[in-house]
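As structure tokens, here come the structures.
Here come two complexes built around chain A, the first alongside chain B, the second alongside chain C.
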Partner chain A sequence: MMAIVKNKVGIVSCSGEELPEGTVSRIATRLVLEKLRPDETVTICLPLFLAGGEDERSFTRVYPTITVDGCEKQCAKVGTSKYSGKPAATLLVTDILKKHPELELASRDELTPEETIVVDLMVEEIVKKVDEILYQQKRMGN
Partner chain B sequence: MTKNSLVYVIPCSGIGKTLGTVGRKATYKLIEELRPQETRTTCLALLTVGDKAIVDKIRNVPCISIDGCPVRCAQKNIEASKGLLLKRFLVTDVLRKNRNLKPKGIIKLNPEGEKLAMLLAKEVAITVDNIIRDE
Partner chain C sequence: MTDLSNHKKIAIVACAGMDKGLGSVARTSVFKVVEELRSDRVELISLVPLLSDVAPHTALVTSMPIVIVDGCIERCATKLIIKKGGRIKGRVLVSNSARKYGVTPKSASDIGQDGEKLSNAIADEAASLVDKLIGEKKDE
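Let's look at the complex of A and B:
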């Protein structure tokens, strides 16, 4: 049985190439991985769950995992659950848009400055979840 | 435009690597600038989770995969969905032909990465034209 890796959280973003919300998911995920919690987070390409092998599919058993989805189809949540295991937390870009109806998304390649506000809000949500999971791990002595 | 004059161009998600971003960028350059009438894309993750609507679609519309790395997630997900895959591209093949370019960045590509993406997009555009001509 594989052990959970201490002090590391997995983040799986939907690929989201077709929709602006998917681009927000990807960029927000990368910002957390590269800039905000580089030592505490890891990722995997979602389609690798199908294309890869057992090593890739053990991801959620090794890292408590947050899924980040662009749209209501929630491919990251569904795909992670189907191939690897239940995510520790799930986040959705459209939930942020519901809370902030003044913000709109239209670009799926280069985001405008207004669209990057949605990215910043999603980054905040991801970081909050990462820190919550790490805090819980610490409390449980993992 | 009839259904048969459309081609689906599906890149890998490539969230972990620069060359994945090059593949995705090439796809956007193709579908938004070079061949907006003839091409569409879809989220690869929909194939990973087996979304029926898109799986049915790609079984009947010609598809091209663009992968960043030799694991070839886009190709394998299309094949697993029994999609009509007519051509497979690999970013590393284009990079090999353009060794002077050093792509960097995942969130944002450097100018050399953008240039590589456009070179790839132009190669894919020729393939799209050939597929539509032969339909």
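Let's look at the complex of A and C:
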């Protein structure tokens, strides 16, 4: 059996092209991976995950995983649960939009400066979850 | 919902890769085809909902000719569309095109100027494939 990797959290993003929310989930995930928690996070492409073999599908068994979904279809959560295992946490862009009805999304490719506010809020949520998971791991390890 | 099975349009599917700049180029180039170059001739099929079986596209991929833009040598989009019984009629591989044009995207979150050039070239290639397939359809 594969052991959980300590001090690393997996992030699987929806990345859907059909809706602007998919673009937000993708950009927010990349920002966390590249800028905010580069040493503490890893990702796997959802399609590779779904197309791949046992190595790819063991992802949630190796890393506690956060799924970041754009819309209510929750493809990342559904795909991750179906092919790998239950995510440690799930996040949804539309939850942010519900909390902030003043914010609107329209662009699928390049986001406007106003739309990037949604990205910033999503980034905040992801980072919060990453830190929570790492803190829990630390406590359990002590 | 758009009727994707009328054969007047071509379905286009991009790699949804997250961890390489090549995936981001695939995504950007497909947006260019769908939104700018051939908006009246193509329908975008998003790989992730298709594979998670949460969107009603499963039956539709089997009834339309498909153009694939794969990011890297893993060719996930191709593999997954085949798995779903799709009829792939045209393919572009971003990593091959990157070698062909001698450019490399900067990163997954920012493809940079070279990535933009590459995505424009790939979008043109994909648009040509769409035109060819529509032409073939007319001749049938």
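Please note the rule applied: the second predicted complex is superposed on the first by the 141 of 142 C-alpha atoms of A that agree within 3 Å, B and C clash if a C-alpha of one lies under 4 Å from a C-alpha of the other, contacts with A are read in each partner's own complex, and residues count from 1 in each chain.
The working rule: a contact is a pair of C-beta atoms (placed from the backbone, for glycine too) under 8 Å apart; a residue touches a chain by one contact, two chains touch by 3 or more.
All of these numbers come straight from a predicted model, not from anything done at the bench.
K.L.:
Here chain A is shared; do chain B and chain C fit on it together or clash?
P.N.:
The answer is clash.
K.L.:
Touching A:Lys138, do we find chain B (first), chain C (second), both, or neither?
P.N.:
Neither partner.
K.L.:
In the overlaid three-chain picture, which partner chain does A:Arg26 touch, first (chain B) or second (chain C), both, or neither?
P.N.:
both
K.L.:
Using the touch definition from the top, say if A:Glu18 reaches chain B (first), chain C (second), both or neither.
P.N.:
both
K.L.:
Counting contacts the way the document defines them, which residues of chain A are shared by the two interfaces, the one with chain B and the one with chain C?
P.N.:
Touching chain B in the first complex and chain C in the second, residues 13-18, 22, 26-27, 29-31, 34, 43-48, 50-52, 73, 75-76, 78-79, 82, 108-109 of chain A appear in both lists.
K.L.:
State the interface residues of chain A toward chain C in the complex, per the touch definition above.
P.N.:
Per the stated touch rule, the residues are 13-18, 22, 26-27, 29-31, 34, 43-48, 50-52, 73-76, 78-79, 82, 108-109.
K.L.:
Sort out for me which residues of chain B touch chain A in the complex.
P.N.:
Contact set of chain B toward chain A: 10-16, 20, 24-25, 27-28, 32, 41-49, 51, 71-74, 76-77, 80, 106-107.
K.L.:
Over in the complex, which chain C residues touch chain A? Could you list them?
P.N.:
Touch residues, chain C against chain A: 14-19, 23, 27-28, 30-31, 35, 44, 46-49, 51-55, 74, 76-77, 79-80, 83, 107-109.
K.L.:
For a test of understanding, state which residues of chain A touch chain B in their complex under the given definition.
P.N.:
Going through chain A, the ones touching chain B are 13-19, 22, 26-27, 29-31, 34, 43-52, 73, 75-76, 78-79, 82-83, 108-109.
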